[in-house]
Each structure stands twice: as structure tokens, then as C-alpha cells.
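Going in written order, the chains are labelled A, B, C and D, and every chain counts its residues from 1.
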């Protein structure tokens, strides 16, 4: 199996798993995995596909500008520029972007603050934070319709090999050194969002009694 | 594979996927896909079937009046007249009707207003709306027990090749140029309903503190 | 395939489907399907089994007293006496008992009233009620630990060939003329419970603003 | 099939089932099954694996100190010491630790009280409690980052062959005489948590009207 075939399979596995959770509503979401570093090339989801299906046109290879490598009828996902930022600025190997109800609600509730911070929760160990008082901060950026502007706002928070950024009323982008780490970050973020929202509803009620 | 077999398979795939989400509670819901335009014929779900099963009696062919084409023991779904409106008035290729808890709650909360409007949410791009301030409006019609009356009320909002109408305390009907677009509209609507309901519960609480 | 084998397979299909929805938490729940009327015999789930597994010991045949027919090491489900009431008093062919979070919450919220009534909801057509102002009433009985007492309280509401009874802080028992109808009743009840609970939370909030 | 192979398969089945419920977010969670008593050995999940995958490196054999038996590149789960307490102090055969949103919310809401008690709920029969007024108490311990300290706090509540302990803002550990009983305890606990949280939200609202 060639390198590109191996990476294709890894990304297809991630896509299948996220599709089973129904994390690609309305053909939303996009995924990428690095193939080569010098020069940079990565596989990214083709635009407009039903991500619950498995086909030979699910992904295409793009370069460091997010442009297709070689002849193809496929268009890279509209948000490929965000993945470009990840691979140009860090040593990440995989990046995932999904829309979920809970990440959208969190992004709106905390959007004016520009971030949400989690602490005192066991699962933040998934981010490599093992100290008892460790904090994990997720920035929230505005959802600029102009993708280069969105990519620029996103880029400001892309400084490490693994991380997460919320886009307000839109979704989350996470990245990690490899597919497993990117998926681990994503699952841990979604767990924290769901936990936070559920706890919030009871705390508000309890405070008032 | 004949045209009708191909369309059958496409509709069976959609049915399977919606069944996996449990969107056909109590044998509810009905699906249709256009086969021919001149004269109009389309496949529609047979009445009273368990939509989690896959059988050769899941669908039957009907004409522009919603009547079975050829000899059959099957009865078309009771709400076939709504699908008739879609194919007679537009170039849609597929139409889907499902009951979910969230589309029912939305239809009741906003029923008196006769519509619900979404804006400022990334996923409305699924409706082909790419501008930052775009709005997507879903009309809500009363749930007339008399199906021809219901179809008439529904027909008022069937003017484009893709769209969505809520029926109060009943469910949603969406349609699109093909099965993928209809499904995309449906998923995007359900995402917006779930998002809106969840956010609403926190906004109300937050406003009160 | 013998009659008993055919019924076994029908009940196994229902069990598999309900298991996929996770409606048998902690080995709870029990299912039955009639095999013969004269004398009465029906298959019922064996006690204490993991209902997500498929084995040749999932069900056993019992008589009109709920006692095992023939030699067996299997014990019928502790609540077999409720199924006995269904088959002795009606022409039902299948009866299902499951614990869900929502049916338990409904049973507690409306337990003191002894019933919950649904109307103005499309899905009550699943109960064969097609009029616009039709009502569907589900009685709620106390959860007597003594099963014969529970069966007696339950029996009071077993008068038709299809129906549903809630047991407070315990679960629901539904029955129908065949497996499909019993399942249809069950799904429609659960849909109504979930819908009612979700709407209730918003109505309460809205009233207060 | 050897004893170790048989136990491996049992634990793999449990892992698969819990993975289908998405109870291992971010590679969290760990599972163990006893193989031998004299001297004690048990299989435990290897650290950092994706628990939705099935591989020959999912589990490894450890001794009564939680140390790997024989040569291996695998590291036992970081929380193996908790499983050590279970097998050293009781006759349990299987122990399961998972993070869910609901067990985390319960652990935080009732953490200051140090426990949560359930009664008047049918499903507590899953814990072998059949009396009408039976109570099931689940202790809640602080989430010490230092695992030996956590294991010591946990050990205080490990006195019977089946039981459950919540770790605040972390998750739950349950154990039972065999895999089926451990899973039954786990499912019953999660059902009680979800039921309690949902009912609580309505009771609070109802009280205020």
C-alpha cells in the first residue's frame, strides 16, 4: 500500500466513525490528513459529497495553497484554507472540522467572550494536560463568510501541533499529530461541550432555589 | 438496471439511512422519488409498512393523481397527495416527510406565527444561501385531518425546486432536485431545529439571571 | 418452518430492534408473542438474559398460567403474569414491556393523576384514531413489588386487542394484534412521551417570560 | 479455547458494546476481567488505544500489583490500580470504568454530599434489591490526580462482589461477579442517572409554578 493509500484509509476510517455519530449534517464538515511535508500535500474531502457514503471520490490531494494536485473533476472543500493553515504552521498530521448542535450552542453562548475555558474535568487529560489544576482554553472566532478572512482569524490560534478552535454558529476545527490524536481532541471537546451545557442547566436551576 | 430500479435503489438508500436515525416512529413518514416527467410517475412508500425493514413492497409507482400505476395490492401512503403537489408544481426529483420530536416541538412553539426563520447560522448554506445575512424561512401549516385540504395548504408553499414546510404537531416535508439535495435539506432543517431549541433553553435561563 | 419457529423469529426481530435502541437497560424488559390460542401458549423472554445477545435460550414457551411448557432450565421473565393477562383477556398476538428514561419520567410526573392523555398530535393515528380531535389515554398504575398484585392492577386496563399501560417508575407495557402493531404502539407512545416532555420544558419557560 | 482467550473474548464483547454507545470519549475508559485467582491475574485495557477498534493489543495481562505479566510493549491503563483493588478485595470477575456526560453531571451535582441514593425505582432490582423500599447508594469520591491516592479513596467502598463508585467530574467504576453482572450494574446506574437528571429538571420547574 502506498503512503497516499494508507493515509486515505486512515481518513476514510475517521470519516466513517464521525458519520456514524451523525456529525456531518447536510453534507457539512470536512476532513484532512497530511501525506507529504516537502513539498506539502494533504488529502481533503471533496466538496458537496454525502459523507455517509464511501466512494473513490471522497477525498482529493491538494498542495500548500489548497489547490488540487493533478487533473481532477473534484473541488476541494470550501474550507480547505483552514486546513492549509494547520499544515503550513504546525507539524499536525490530521485536521477535522464538524458541526454539532452542542459545539454550535457553546460557540454562541460564549461567542462574545471569545473563548471558553475548561478545568477540573478528568477528560482534559486527553489534551495532554495531567496536572490537577490544568486548564484547556478553546478560542471562538467570528464566522466570516469570506473564507480567506476566516482562515486568517483561525490562523492566529494555530501555533501548536494539536489544538481546537470554535467558529461561532458554525462548528469546530481540531487538529493533532495523527488521526488518532485529532479524533481524541475532537471527542474530548464534544464531551466537554455536552457536559458543560447539561451541568449549566442544573446549576442555574439550583442557584435559584 | 432500468430507470425505475435505479430510482428504487436511491429511495431505498434514503429510507435505510433515515430509519437508522429512527425518523419513522410508529410506521410514520413517507418518501417519494420521481421516475418520469411525461407523463409524471413517481415511487412512493406503501402504506403501513415497517420502514426499518427492506422488502420488495416498500414502494409502489403512482401517477400525477397519486394513484397506483398498474395492478397492485399495495396502497400508496395516505399523504401521497403532498408529494403530488411537489412533482406537479416543481422540477423536484425527491421528497421526504418525517416526524421527529424536534420538528414537532418547533412546529408547535412557532405554529401561531405560521413560520420560523433562521439566520446567522452556517448550516443554512445547505439551502444554497451563501450570503452572511441570508435568511431561511420555513412555513408552518395547520395539520388538517382531511388530506386534500392539507395538500392545498401545503401547495401554497411549493414554488421552488427545493424547499421545506412544517405541518403543526405532525412533521416536516422537504423536497429537492434529487435524493441527495432532499436529504441535505432535511438534515439541515433538523439540525437547525435542534440547535434552536437547545439554545433557546439557555438563552431564557441566562436572560433571567 | 413451524409455527413456533416463525413466531420465535418475529419476536427475535423485535428484540433486536428494541435492543438497538438500548431499550433493555440492565437486562430489564420482557417480550411475548402468542403461538396458540386453544390451549393458550406464548413465547416469553427468559429471565436475566442479556437482551443484546441472540441465543437459543432467549425465549421459552409458557401456558395460560405463565408456566413453562415442557422440560427446561429456563425461568420465564418475572413479569410473565402481565403478558398472561393480555392473552387471556384479548385477541392480542404480541406484548412488549420496556423501561425508557422518558416513559419513567412521564409515569412519575403524571403518576398521581393516574393517567396521561394525548390529543392534537398526528402520531396518535398510530393507535387507529383518525379523527382530528381524537384522544389517546394511557393509564398509569402503581409499581407493586408483588407481581400478582401488579398483574391485577394492570388487568383492569386490558380490555382491547391493542393498548398501553404505564407502570410508575418502572416502564410501559403495550400490546397489539401482531408484532408490528405492538411495536407501532410502543414507538408511538415513546414518541409522544419525548415530545410531551420536550414541549413542556419550553412551555413552562415561555409562560414565565 | 484457553481460559485467557475465553476471558479476552468476553471483555472484547463488552468493549464493543460500550463503544457502540460511545462511552469511551477521547480514548477514555478502561475495562478489566479476572483470569486467575491464585495468583491473581487479570486482563486490562492497554493505555491510549482507540477503544472503537478491535486489535490484538487491546488488553494485556497484569498481576495483583497491576504490573504486566511477561514481556510486552503495552502499558496497562493508568487507572489499573483501581481494578487491582476490586480483585484483591472481592470475588468480582469483571470491572468497568467509563466516562459519560450524565455520570459526570451527577457526580458534580451531588459531589459535595459524597453520595447519591436511589429508591422507588424499578431498575434498582438490577442490583439484586427486590424490596419495595430498597435503596441503592453510590458513593462519590474526589478525583485525585495521584492514582494511588485515588485508588485508596476508591478502595474504601470496595467491600462487596458487585458495586459502583462515582469519581467526581471523571466517571464511574462498577464491578460484578462476571461480565454480565458488571455490565448490568453499569447500565442500571446510567439509566438511574439519566432518569434522575431528566426528572429533576421538570420537578424544579413544576415546583416553581
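We take it that a contact is a pair of C-beta atoms (placed from the backbone, for glycine too) under 8 Å apart; a residue touches a chain by one contact, two chains touch by 3 or more.
Since this is a predicted model, take the numbers as computed values, not measurements.
For the self-contact between chain A and chain D, the two sides draw on mostly distinct residue numbers; the shared fraction is below half.
Here the CA centre of chain A is 30 Å from the CA centre of chain D.
Each chain gets one centre point, the mean of its Cα atoms, and the points for chain B and chain D are 43 Å apart.
Annotation for chain A: residues touching 2 or more other chains are 201, 205.
Taken chain by chain, the contacts form a single closed ring in which each chain touches exactly two others. Residues of chain B touching chain C in their complex: 22, 25-28, 50, 52, 99, 101-102, 104-105, 108-109, 143-145, 167, 169-171, 197, 200-201, 204-205, 207. Residues of chain B that touch chain A in their complex: 17, 21, 120-123, 126, 130-132, 180, 183-185, 187-188, 190-191, 194-195, 198-199, 201-202, 205-206, 209.
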